[in-house]
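Below, subunit A partners subunit B and then partners subunit C, in two separate complexes.
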Partner chain A sequence: MNQQAAITSAAQRAIAALFPSDRISADLPDRIAYSRDLWPRTLIGLREGQHRPFEPDTVVWPVSLDELRALIEVSIEHRFALIPFGGGSGVCGGAVAQNGGVIVDLKRLDQITQLCDVNLLADVQAGIIGQTLEDQLNVRGLTLGHFPSSIRCSTLGGWLATRSAGQCSSRYGKIEDMVDSVGFIDGTARYRRVDRANNRQQLEAIIGSEGVFGFITDATMRLAHLPQTRMFLAYRVPSVERGCEALRRILQAGLRPAVLRLYDELDTLLSSPAGDRSPSALSRATHALTHGGAGKALQNRLLSTALRKAGNLSRIGANLADRLRRGCLMIVGVEGDRALAEAEAAYCHEQIICCEGDRLDDEIGISWFENRYGVSFKMSPLFMANAFVDTMEVAAPWHKLMRVYRDVHQALSADALVLAHFSHAYTDGCSIYFTFVSRGSDRTGAQALYDRLWQSALAAADTAGAAVSHHHGIGLAKAEFMKAEHGHGMTTLRALKTVFDPHGIMNPGKLGL
Partner chain B sequence: MNQQAAITSAAQRAIAALFPSDRISADLPDRIAYSRDLWPRTLIGLREGQHRPFEPDTVVWPVSLDELRALIEVSIEHRFALIPFGGGSGVCGGAVAQNGGVIVDLKRLDQITQLCDVNLLADVQAGIIGQTLEDQLNVRGLTLGHFPSSIRCSTLGGWLATRSAGQCSSRYGKIEDMVDSVGFIDGTARYRRVDRANNRQQLEAIIGSEGVFGFITDATMRLAHLPQTRMFLAYRVPSVERGCEALRRILQAGLRPAVLRLYDELDTLLSSPAGDRSPSALSRATHALTHGGAGKALQNRLLSTALRKAGNLSRIGANLADRLRRGCLMIVGVEGDRALAEAEAAYCHEQIICCEGDRLDDEIGISWFENRYGVSFKMSPLFMANAFVDTMEVAAPWHKLMRVYRDVHQALSADALVLAHFSHAYTDGCSIYFTFVSRGSDRTGAQALYDRLWQSALAAADTAGAAVSHHHGIGLAKAEFMKAEHGHGMTTLRALKTVFDPHGIMNPGKLGL
Partner chain C sequence: MSPETDLSTEVAAIVGATHLSSLESDRAEFSGLDPALVVWPKDGAEIAAILRLANRRRIHIAVRGGGTGSPCWRRPSSPVLGLSTRRMINIVELDSTSGTVIVQAGIRWSKLCDALEQHGLWTGLPRDAFGEATIGGLLADPPANAHSPSFGPLSELCVSTTVACADGSLLRSRTAPRRAVGPDVGRMLLGDRANVAILTELVLRTRQRPALIVPALQLFPTLRDALTAARAILQIGVRPTMLRVANQAQAAREIGPQNFSIPAVVGLELAGPQKMIDRALDKIDEIAAQHSGQTLPADLAADWYERTCSEYALDGHSTRLSHREALAAIGRFTDAGRRVWLDQFDAHRVNLWTESDEPTVDAVAMRGSRDDHWLAAIKAALDPHQVLLGAQSIE
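Our next item is the complex of A and B:
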């Protein structure tokens, strides 16, 4: 328990006066449930006996802006922290009560309040779960175009607060490109409507602010029509270098296919669709990538070996890589008007072939699409097996990308099994999404190892010229690194903090503030 | 002369010590030359005897960041204003010395210091003239993709400071979409490098800040390859309503053709390529749009009538419109990979035909392309003829667009001839670019009329739900409207001002600060 500044009983009474009893709780089970998000560090801690790492004093579930404003006023009067909470799927500790305070779960604010098919805009409350929003749009023939793998357990507000990126970001952009305006209640209880057209500077200050300035309560989002056509292509390229070359060529030619993903050798092996429930063509293609038929069995052996023998992971990974037929899986997805999508696919094909790619069966791409959200739900078995897994997304310009890839890989792989994919590419650079699996040598050593891995990986990323976050945000996990990276730029954030949250009640400790 | 706060002679000596004599001037011709930009209000004033509307004390031409920093330090010590000056082509009075001070002409900082064809990035100093930059990129097979009509008389720094938009914005974005990082010296003489990837909030605060926070000294810009193919299509649509419907359909289908322009009836008439020097097919097509052959002669008559008879402009315009064959010109330009460009053109064609468009000869589009920068150089004859012309660019969501068009048109047309085109479209809305021509009833009445026209037009735009600027910026011209539009949002700008320019030396009075 890090709790230092407990709420006074006078404050508790003032909060209790604002909410009916079924929308406020100071019960222990709720305080435990809301004492973490999906930051793996706290999940490791849970195993090590830290059941309430960031215990809040109270949890509330507001249903209106009036309730939020009233809560802020009480918070100012009694000086306690308010922590906006969406789906709780963040992996950086951005939605936890570092020193007590009130968790404000916004999931009851979950309505699409207006939908305009002339402007292709939807007014949406911030607490809506992503998949719920997408489902409701789909029945109208529309889509937001935002598909993070957490879509079933994250909210619109969380996406906006962290500058989220989805799996179709090449075509639809990141979440900040989709937002037309936000409704925002700052730390003085003032509601403002902030527009892209009228007030871009303020909009960009609020997006990505992780709750440190106030509550994003709703947003007007740009939509798209559901695509007429959707096609997937799959390739094997000989190396990440050649695959990245293909990504770069496609982006720099001005194309924006919906999906562009490149997996490194090990991620190719572990992410390949399981052979046992797939049609034979897919199965054959998968096996062609994964050592002539070992497929699922090899995946399982690799993981179980990784779990048994921490400390030797680097050697295990290297041995396995040697035993694998070399090659990296690349998925291309195009969508929209059929003729345009086909022209786009043809152009991508040509570039990938130029980079020594071999076309695989399209069903590999289709299978990727069908299982595209699986990754967010694969963590628990590893944690239960006493290991841990985390992901780290950095970004770098093309000419530094391979150095970042190698250096971060090396920094991690002494003590972890490391895989990576490249899934958000731009004309001038690309992000790298590392996944690393490890475990401490004993029951209590895992958290220390975890910290060491992050320290050395982020230091390697920084030295190699990468930005330390692409779309997971900063939270507590990267706060110190952000300060180092931003340097004097933190003064800007602090000045904005003074304007929006002069009393310092909003989500203290996050973003390095 | 609005000058109130002249520079002390001690300050003058301190500035003079920083620059060699050929890069500093307090001579009267220079003070006159730099006492205005292209804000039409000051051009009208010139005719009315206001030769030095915003007279600076001194003009300097720095060649290095060290000189800029030293100048800022002197400015802080002696408390005088610094006004960043690029090409001087701004139309809102953003680059003038409202109350004396030093004009800092940055055009000697005009080098491409690095060009990386792996990342497609160029490091460019802020004072480079747009066309010079584009020419230097073109010889390397590259382009910035930014083509404002002022490209021959505006600078990169000016573009960034005003969130400029070019004629191919649908494909390449506005200038803010092309910038990877900026080099910036704030009002405390501190240089910072501000990145999109690391520090988006600060980057977005600096872009569009019109010099009130400091000097944009250089920028790393995203480039594109010169297109393999470029094609133009031209159409006549029956009305702006139907034309806007076509624009909306194209954008909302996810397309981004490089050029999409729709001219209203009168702008169609006046902007149509001249018949006298064009091949016959073009000539015939132009005439089909403009009253069966009257073409150029009609343009001339319209303008000369407009100039002779102020006060009756509304009736003249209406009469002429009646006499014209109704119809609006629409230009579509696609570029890039040939197969993709052709598919894109085919899709656009289909949508425009659905909106009752008739295909015209392609040469109309080609002719538009050849004369695309002409508009910025057509103002002088009108001013010499005792009239004035100005442009006003607003933006609105699609469902409010026709109301904005009609209301602003009506607000202006009692006292001006009004034309408009639609040239920057988005999925959720579009900008309208009004041009209005008028003159006062006597030699001294024009400026008062000009002010009245702006007042009523901006009020109409605001009431109808438009944003009062799309890409010309705010400067002095729209400062009061911006305050009204922003409301409490101005506190954010003021907080940033305190961080970046605590001494208040940077371009005072602009952006409402």
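Our next item is the complex of A and C:
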């Protein structure tokens, strides 16, 4: 059901009968507020007055599974789309009403219903905000260990729906590693409890399904004790290649430091000195230009010139990187029992030194930790400057990683300033997180350039053998790459869709379904 | 020409005349099914072609790996073709940088371990754990002892899969350490027992074989103390590659008769850099002492380790429980005459084993159940002609 008709008045009345007036709204401000998530493509239009790119007909805030089930039954009867909505922090257009429908905001389902500190398991409702969950666990001396930069504006359900990853994934895993079972209402209004021990196949089908099969309503999550100690080390390694070699050695030796981050030369260059690690790409660029000796006026002129034509950014960045040759910054964070953490830090140090790393001030790592969530909230200046910024996270085996890095970089850099870091490492491979900054002449031009950059970058990643997403998911942004990613597996996904959502009411258009 | 002869001709055109058989001795390997023919394809492409043939002729396919399992095939009314993966035993590619190895599904576990060892690699699970089982069989129907506290369940070995789907198409999932591209279709088909697809090739993640592998053995006054200490060891962040807890009767079997009383033991295997192991051993000693435990001599630990690894195969009945449930359950097993042990630990759950299929409690009530309704719906969607006879059929 990709082409929804507008919701009929009869359907509106049926929905209204399910919710009290303070938990349903068809008011314009709400429809505007819920007409997008944080997909940067929609932000480009926003600055030129395109305020509601994907306007829903109605927004509801259910508080119980019964309400959700009733809403699904009404949806089946009246044939309108339901779009699960958590924190709205997704960057791929996964939680938008592409052709109208009802946004179902799950944030009122926000309770920890059970917590066992023997098993280290917690039953949690899906709408809880990540930081709220973490704060409540911390009071009990526990942690989920999941720290995405969106933690203050994303929900547990959103994490599970998109296979999210946090900044300590090397130690705690991705969200799919932390889940013991999920509660799920499918598109027929049937509630299922799907556990890892008995129904792993079904669990693999639901995790990452981005709402196209139904609503993740709750989950039993695996917890850990709060670490006794946490320490950071910082290094400069001569190149991305040597840095990746160090990451690989550490992981393949069986170690699991909580944080392993490697910044490429340009990202390192644009990083501010310790203690002032300003996280937005624009402010980093600004800072770097200032550090080049330019005064404020000159800095503004340089920035203005750089942003005038997209390719200039890349050339300026490349020139600076080439001139300064500062190498690559690596940050290592270990935590847990003090003795074990110290041993882990010592082994990491040995491996990084073997890869020609030079130890830097630990303060750099501490500063990163203190500012680690900043980047998601400080991109507005770039958009206000008529530019745009987006991020792309791909993953590949170690033996393909450098080719992926070079090819994607090349695909983007003709028209954008490109930075990259490596921040989710495994024994068999790693994720690369590209940040690209560019601008178009106007909204139409910017969105066309934006689309072209994504197309060429994803095509390059796919050809080089990378998965097109490591933890942001697919949504609308990458939907057309699902065929390249899954091949004949799309047949299986379509079969799952018919089983879970035979009426086609759930989040149409996402995942290419 | 009889229908069987006609089928033989068509199958021979796919796999070659020397790679199929109608001999009684070959057909008998598919116990209880009496297939018309047994076929030995060489790769996934041939399996896919056989599946297309099966769809066309409306016949059924039953898959056999190493023959170590106990498949419960449903005997259908229409003809069955027995498909054995015994020719699919090759290591296709080994990448030492990523530590990944591409193998055909019919390779036996012991052969795989031997081949990896030659390259200084290992899986983290004992060579003798699954002996002559094939990797395809193990991943299609994982045994209950397929789990390492350090590496996770056996399925964690698998990075990606190539499967022949019931409709005769080949599906190769992307090889990447982790993805966020919707449901993980490749991993979804693990544990499928060949109900909707046949595993043909797998990309497995391996580890460098650590220079140091150290066993350790701790003695405890009660099984409860031992289990509590084991949980504490994992929850503090020590990640042994093997962890077992045994009561007196099981410990006598694992350690042999001693001249002192052994009410309960915790046995571990630690692997990795020397300094990490040293710190982990210190921590284990500290935790054991907190639970009235004491470290047993290294020669006893080595003996236990050798015996346990060589007798790793299943010989009991297990139930997966949370730690709290396990603590409650073991209260029933204070009788020293009955063997009880726990393994497949993680920080949250554990397998409780007993030597017979007597109720591991309330455990039966505690555990969940397989959602056959969902599996049946998926099978109906992906295998509309019910071509594949799963090793455990879905009703």
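We take it that the second predicted complex is superposed on the first by the 464 of 513 C-alpha atoms of A that agree within 3 Å, B and C clash if a C-alpha of one lies under 4 Å from a C-alpha of the other, contacts with A are read in each partner's own complex, and residues count from 1 in each chain.
What we mean here is this: a contact is a pair of C-beta atoms (placed from the backbone, for glycine too) under 8 Å apart; a residue touches a chain by one contact, two chains touch by 3 or more.
Small disclaimer: the values here were computed from a predicted structure and weren't measured.
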Fit-or-clash call for subunit B and subunit C when the two complexes are aligned on subunit A: clash
Partner chain in contact with A:K174 - subunit B first, subunit C second, else both or neither: second
First, second, both or neither for A:A448, with subunit B first and subunit C second: neither
Partner chain(s) touched by A:D337 [first = subunit B, second = subunit C, both, neither]: both
First (subunit B), second (subunit C), both or neither touched by A:A17: neither
Contacts of A:N198 with subunit B and subunit C, given as first, second, both or neither: both
Touched partner set for A:C430, first subunit B, second subunit C, both or neither: second
Touched partner set for A:A224, first subunit B, second subunit C, both or neither: both
Subunit B versus subunit C as contact partner of A:T498, first or second or both or neither: both
Subunit A: partner with more touched residues, subunit B or subunit C: C
Shared subunit A surface residues [contacts with subunit B and with subunit C]: 116, 118-121, 163, 176, 180, 192, 194-195, 197-202, 204-205, 208-209, 222, 224-225, 248, 252-255, 336-337, 339-340, 342-344, 346-347, 395, 397-399, 427-429, 467-468, 470, 485-486, 488-489, 491-493, 495-496, 498-499
Residue ranges of subunit A in contact with subunit C within the complex: 116, 118-121, 162-165, 174, 176, 180-181, 192-195, 197-202, 204-210, 222, 224-225, 248, 252-256, 336-337, 339-340, 342-344, 346-347, 395-400, 424, 426-431, 465-474, 478, 482, 485-489, 491-493, 495-496, 498-499, 511
Contacting residues of subunit B [partner subunit A, same complex]: 116, 118-121, 163, 171, 176, 180, 190, 192, 194-195, 197-202, 204-205, 208-209, 222-225, 248, 252-255, 336-337, 339-340, 342-344, 346-347, 395, 397-399, 427-429, 467-468, 470, 485-486, 488-489, 491-493, 495-496, 498-500
Contact set on subunit C toward subunit A in their complex: 95, 97-100, 150, 155, 159, 165, 167, 169-192, 205, 207-208, 210, 231, 235-239, 271-273, 275-276, 278-280, 282-283, 320, 322-324, 327, 347-349, 367-371, 374-375, 377-378, 381-382
